[in-house]
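Two complexes come next, and they have one chain in common, subunit A, joined by subunit B in the first and subunit C in the second.
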Partner chain A sequence: MAEPLLQVENLSVAYPPYDAERTVLRQVSLAVESGEALGIIGESGSGKSTVALAILDYLATGGRYLDGRIRFAGKELTAMTRRQKRSLYGREIAYVAQDPSASLNPSLKIGTQLTEGMALHLGMDAESARKKAVALLDEVRLRDPVRLLDRYPHQLSGGMQQRVCIAMALACDPSLVILDEPTTGLDAVTETAILDLLKDLKLKRRLSIILISHNLAAVAGLADAIAIMYGGMVVESGPAAPIFARPAHRYSRLLLDALPSLRAPSRALSEIPWQEASIPRTGCPFRDRCDMAIAACADEFSSAVVNESWLTRCVRWKDVLAAGPRHECASDAHDEHAFSAQIRPAGAGTTTAMPVLSVSSLVHGYGRKRLGRPEAEVRAVDDVSFELAEGETLGVIGESGSGKSTLARCVVGLVQPTAGSIRLAGKELTGFSRYPREVCRQIQIVFQNIAGSLHPRKTMSRVLARPYQLYEHRTPALDELQRLIASVGLKAHLLPKRASALSGGEKQRSALARAYAPRPSVLILDEAFSALDASMKIRVARLIRDRKQELGTSIIFITHDLPFVKYVADRLIVMYRGWVCETGRAADILSPPYHPYTETLVWAALRLEGERPATLPETAERDSTPAGAAVKGCPFASQCPRKLGTICETQSPPVRRGAEGRQIACHIPMDDLREMQLAEYPPIAIAKGARA
Partner chain B sequence: MLRYLASRILYTFAILAAVSFLVFAVTELLPGNVATMILGTDATPEEVANLERLLGLDRPSWERYATWVSGVATGDFGDSLRMQRPIAPILASRLANSLLLTGVALIFVILGGLVLGTVTALNHGTRLDRTFSAVAVIGTSLPEFVTGTVLVLLFGGGLMRILPPSGYEGFSHGIWDGISHLILPALTLATIMAAYVGRIMRTTVIDVLKSEYVRAARLKGLPEWRVILRHVLPNALVPAVTVLCMNLGWMFGGIVVVEEIFVFPGIGRMMLFGIAERDWPVIQACAMVIAAAYVLGNLIGDVLALLLDPRLREAAT
Partner chain C sequence: MTIGTVDVAGTDTGVVPVHMRRPLWRDPVFVGAGTVLLIHVFLALLAPLIIPYPPDQMSFSATLQPPSLEHWFGTDRYGRDLLSRVIMGGQLTLAFGFGSVAMCLLIGLPAGLISAYYGGLVDQVIMRTMDILMSFPTLLLGLLILIIAGPDLGNLIIAVGIVYCPRTTRVVRAAALTVRHSAFIEAAQARGESSAYIIVRELLPCAWGAIIVEICIRLGYAILLGASFNYLGLGVQPPAADWGLLVHEARSQMLRAPWTAIFPILFITTLVSSLHLLGDTIDERLKEGDVG
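Entry: the complex of A and B
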């Protein structure tokens, strides 16, 4: 067999002071065959981005290669001079970063950024470089490429920016493209489109790809080979399909089992214990969290060959393999605790009691004024109504810009709604310019950016004592704080630490503990767990469920993660550009979806999971009209795969009501939709799962 | 964008109108009767009343304000009471001197601030960087009369006599003579701004160097000088230039002190003369011009920021 295009052998990388604790990569070996895609999977902090940066010779200040070598197309990268390397990067190896809006220069036109590499590496003149740039933009499926060249990055949507970044990477026809979490910031529909594009490019250009992601589903569809990383080590690597079906490392197994899926609802979400102490730096890095760990795990273990190029670093890999393929062990003991079964209230009919929170006809608009003349109002939240029963979890889903967060901000009183009413236990809240303290106590929120909402210089005990001081005018005793922090599975030794010294997962749980401390009746989680890895998410979701049963708190759960919300929520609201297009029980709404917009969300999620319902035509690139722009007719009309005709553009859709509190806003009658959708999304097990 | 510019210019005029009102009101409130001052204390009441009528002081103040403002709008600042001749021609030559001084100071600020700021940022963490940062802190904290005096002591005759400490007479005695007289006052005027702008430039360049688009540019294989010229500087200049222009007016205000130290025939000394002599039309004229320089500096800053940052251009449409 010919030598792989890129080969990383035994690479170790460390930062000052270069001790074991700061060794971020340990004996990493990887290979990318020409024309193939390698997926690197791991939690945050597993070192997967460092691998990319090491290949690109762009380690952060002080980073040093301790050991090992990197070979690209037969040449030793680590032995090259600066000049030699510079002729390689951009020309042979290209890079696409996670955040497209940050990796495009805001003050240069798209065309300039696309062509500068061509002039440099290929010696092209301006005219031919421009022609090639147009062809590239066309290749990444951007419409109107000629006009795009003269636009600035901020004038494009996130999905378009990422396509431009990919085009930029392809500018000099490289043989290897490294993509670091290329779809993390994008919504599911755009994400699917980008991944499809990558698949296409790989085939057409015989392009080699390294795709780094914590989204297992994203990698599964594209990668020929995968490497699973943990604690700076590649714990398992080899061909993608067999590993996804039946991993040979206990960590891979748990990670893959923790992946919530739309289609396989009865499968239990396995639990991986938290990483409490620091990751062991010798032996298996995962052994502290591993339920199968034995004494031998602490010894150095190079790796075992499962099958040809399939390597695992698990000492007990034979036992792990013996557990059988992943999909067969669907129902194990955990099933009893599956979310869908337990958190659902005994019957949806018990909502006769007064709702804890009721929101009706809520509108929040940004009226822009210029030189005194008011402009067309932009509505971020447009006529939203819902009720939240005691102990109920309401999921709010929709892509970015759909007004989910603005809705949350209205409910907690951070922004004042333009119209409509918000009632907490029957008490009208919209009249307050600032909520009274008691109302604040009852409605708590956990924000998406946890790190930004915890005071970095305060110790955790001060942060956590604050709600008691504020709402109860007393300073809690130490053991009370210890109980509080233990309730979210954290150890008391964190209390004297500053918030900035906590890990991401610890911050997340501390924020949750802080929000629970005043015993709120409504808890809003605004994309609070979107940045967490699959295994972490499941843990946190479990925590929320346990606490909810204890305290009877109602929860508004805002997310764009469809499979996850299915496990957590009782009822769902689907939002699009500030407008509610579908409401109903979580179990019903996804199987099948009624509203065409919900359909595109479900379709995208399923497609990510590797299933390809072929019927839905690829929706056009999300246009860049501002979210909630005042539109006549149905806001979704221009993107709708089931558009009826002009009626959708001229008349706003009627709200149709169905059984079990289900509502949709669409011109197509509910029964017709039901038939259409059932044909494509045959009832899946989730229908049975809703045993209530 | 044109509409934004139009509205900015409109704002500028509105501010100038407000300034003119304030300037007039303040001089109006100055103690002392002008006519008495001109004629001396032993003038008879008739003589005083006569002169007041001659100067138009018997008219109501709003009427005098209207005449003055319409005069200012057409470039007529009235007559100096002390010098007994029109202010406008004197003002014009003095203003030209001051603008030249500020212009030279601005060159020093750009060289010292923008260039040094960038260079130190590129050598972030080295001894050069630490030295400059320390010097910059000293520079921003020294008032002009101190720097001016120190510079005169060092170069203008105290320690060495390289540069003349005073006596600017334009370029009539040759170009070098003119320039040599400009260097010390311009340096004094530039020190604070250069240090301030340099510090801002240093931090923004450091930030931009860490940005993902600079990483993307480097990973395209671009040589470092191109990364800096094409990708770093255009983005790093925006805050520094904005601050620089916002402080242009402030710098122009600084000439009052500097011109006095170096006996420089500019608008600042003219204003001091006006104040000392209670020559209120001169004070009004100088205050108006300095205020206008301030407001125009801000306007230029806004326009430059628009040119540098396409996102602002977008927001301005």
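Entry: the complex of A and C
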């Protein structure tokens, strides 16, 4: 077999003082064949980005290669001079960073940024570089590339920016492109489109790709080979398909089983124990959390060859393999039954008792009257109504900018709605400029922003004690705080620590504990766990479910993550640009008929899971028309794959009602929608067993 | 096998990993500047105990003596021992330095925090008032206040405080604004916390670092400005003398007896530079998120 394009052998990287604790990569070996894609998967902190940075010779200050070598196209990278490397990076090896808005220079035009590299590496003159830039933008499927060259990055949407970044990476026709979490932060539809683009580029250009992601689904669709990382080690590597089907390392197995899937039955997803203390730096890094760990795991174990290029570092890989393929064994019927019963109490959504929270015709608009002349009002939330029963979980789905966060802020009283009413146990709340403290106690919220959710300079004890001081005017005893922090699966030793010393997952769980402390009747989770990785999300979801049972709290769960919301919600509302296009039980919404917007979301989620439902008619790249700007007609008309005609643009769609409180706002009758969609999407199994 | 150290100094990451940073107390600039400041503070505190001669004791047989073993810093034109006068002057200098900064904070801290928290009209009123104050040349505004209020130490403190409080307000406001829209402030509002609690318990702790830097830098400026007023004769009245006034007294014989000016200037310079260097090093650490 020919030598791989890129080969990393036994690479170890450390930061000062270069001891075991600071060794961030341990004996990492990887290979990327020419024209193939390698997916690197791991939780945050597993060292997957460090691998990319090490290949790019871009480690943070003080980073040092302790051992190993990196070979690229037959040349030893680690032996090259800086000058030699400079001619390589950007030309042969290109890099696309995670956040496209941060990796484009906001003050340079797209054209300038695209042609820079060509002028430097290929010595092209301005004219030909510009021509090539146009061709590149066309290749990444951006419309009207000539005009785009004179735009600034802020004039483009996130998906378009990421496409520009990919075009920049392709500018000098590299043989290898490294993408670090290229789709994190993009909505599912855009994410699918970007992954499709990468797949195409790989084929057309015979491009080698390293795709780093914590999104297993994204990797599964693209990668030929995968490497699963944990604690700075590659714990398993090899061809993608067999590993996805039947991993040979216990960690890979648990990680893959934790993947929520739209299609798979909503069995109790497997759970990886919470990460405790530090990761062992010798032997198997995963052994402290592993349910199959034995004494031999602490010994240094190089790796076992499963077959050919499939390597695992699990001592018990044979036992892991013996567990059988993933999908068939994991869902045991009993567990699933228990799970379904837990999560959907009988009659949820149809309760006759007074709802805990009822929101009706809520409107929140921006734009105020100036000198008596009303400005065009932009509605972030437009005529939203829903009811929340006791102990019910309501999922609110929508992409960024759909007004779901504004809705949450209205409900907790952070912003005042323009019109409509919010009632908490029958009591009207919209009249208050500031909620009374008792109302505040009953409605608690956890925000999306992990970095800013807790005061960075307060210790956890102070943060967690505050609700007791505020609502009960007492300082809680230490053991009360210990119980509280234990209830979200955190250890008491975190109490004297400052919030800034906590990891993202710990912070969000502490925020959750603080929100639970006053025993609220409504808990709003505003994308609270979107930034956590898959296994962490599942653990948090289970936690919320358990606590809900205990306290009977009603939950509003705001997210853009369809498979995840399926796992936790009883009922769903789907929002698009401030407008509710669909409401109903979770089970109903995730099978036809869909509102055409929901359809695009489901389509994207299924695509991400590697299925290929009939291709959706290509719609325009999401433009940046502000939310609610469409005054007439259906807000979704311009993007709609099933648009009927001018009626969609001129008349606002009627709300069609179905059974079980099902509502779809569309000009197409429900039955027609069902007929059209059933052919393309077999119903998604919410009940047990019906995996297609 | 070690392949080599990777040097990426000057890359745009620019963040030095936490564990790589020297602790602040081992930073030579911080330690040096801190030592100089401490020496100044101790000299001022212990002044009456260590001065070799009473500062006002004149000796007409020994006027304008150059530095010698008897008079380390020499004598002035009335034969007063310059070393004693400079050390005693330190008391006054530091007193009005700290006094003025306290005055700055008294106005600037609440104004800046309130301005940042409420925003909108409140912000506009406070900040535009501060802008008006700031648009006067510092020396001119100070002169105006001192001429109206009359020259003495207390009025000097008030004058310098008023002259510099808009800058303090801006710094405090800017520091508070960086966290004003954080999720934890929103969470506090959603929790039903009072505005006073949020300002004092949530905003203020985040601004402390910047305030410490501001105190250091502002002290330096306040001492310089105070010295300028004293030099003009608008602050401390003779025979007491701070360093500014000492320079003023040295003016007429500066060329004949340079030491009369050099030593007070040296003291002002070392004190002010040590304060600024301290402020700078703390500021750098703050940007890296280390202090606090």
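We take it that the second predicted complex is superposed on the first by the 658 of 692 C-alpha atoms of A that agree within 3 Å, B and C clash if a C-alpha of one lies under 4 Å from a C-alpha of the other, contacts with A are read in each partner's own complex, and residues count from 1 in each chain.
By definition in this document, a residue touches a chain if its C-beta (ideal position, glycine included) is under 8 Å from a C-beta of that chain, and two chains touch if they have at least 3 such contacts.
Bear in mind that the values here come from a model prediction, so they are computed numbers and not experimental data.
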Original post:
Which partner does A:Asp180 reach: the first (subunit B), the second (subunit C), both, or neither?
Top reply: neither
**OP:** Mind working out whether A:Tyr58 is in touch with subunit B, subunit C, both or neither, as first, second, both or neither?
**Re:** both
**OP:** State whether A:Arg441 touches subunit B only (first), subunit C only (second), both chains, or neither.
**Re:** second
Original post:
Who wins on subunit A residues touched, subunit B or subunit C?
Top reply: C
**OP:** May I ask you to decide whether A:Glu236 touches subunit B, subunit C, both, or neither, giving the answer as first, second, both or neither?
**Re:** neither
Original post:
Does subunit B (first) or subunit C (second) touch A:Tyr152, or do both, or does neither?
Top reply: first
Subject >> Touched partner set for A:Leu120, first subunit B, second subunit C, both or neither >> reply: first
Original post:
Which residues of subunit A are in contact with subunit B in one complex and with subunit C in the other?
Top reply: 58
**OP:** Flag every residue of subunit A that touches subunit B in the complex, lowest number first.
**Re:** 56, 58, 86-91, 94-95, 97, 99, 102-109, 116-117, 120-121, 152, 154-155, 165, 168, 171, 371
Subject >> Residues of subunit A defined as touching subunit C within the complex >> reply: 15-17, 22, 57-67, 69, 78-79, 412-414, 434-437, 439-441, 443-445, 447-449, 452-458, 466-467, 470, 500, 511
**OP:** Provide the residue numbers of subunit C that touch subunit A in the complex, in ascending order.
**Re:** 1-6, 8-9, 11, 13, 15-17, 19-20, 179, 182-184, 186-187, 189-193, 202, 205-206, 289, 292
Original post:
If you look only at subunit B, which of its residues touch subunit A in the complex?
Top reply: 7, 211-213, 215-223, 226, 230-231, 234-235, 308-311, 314
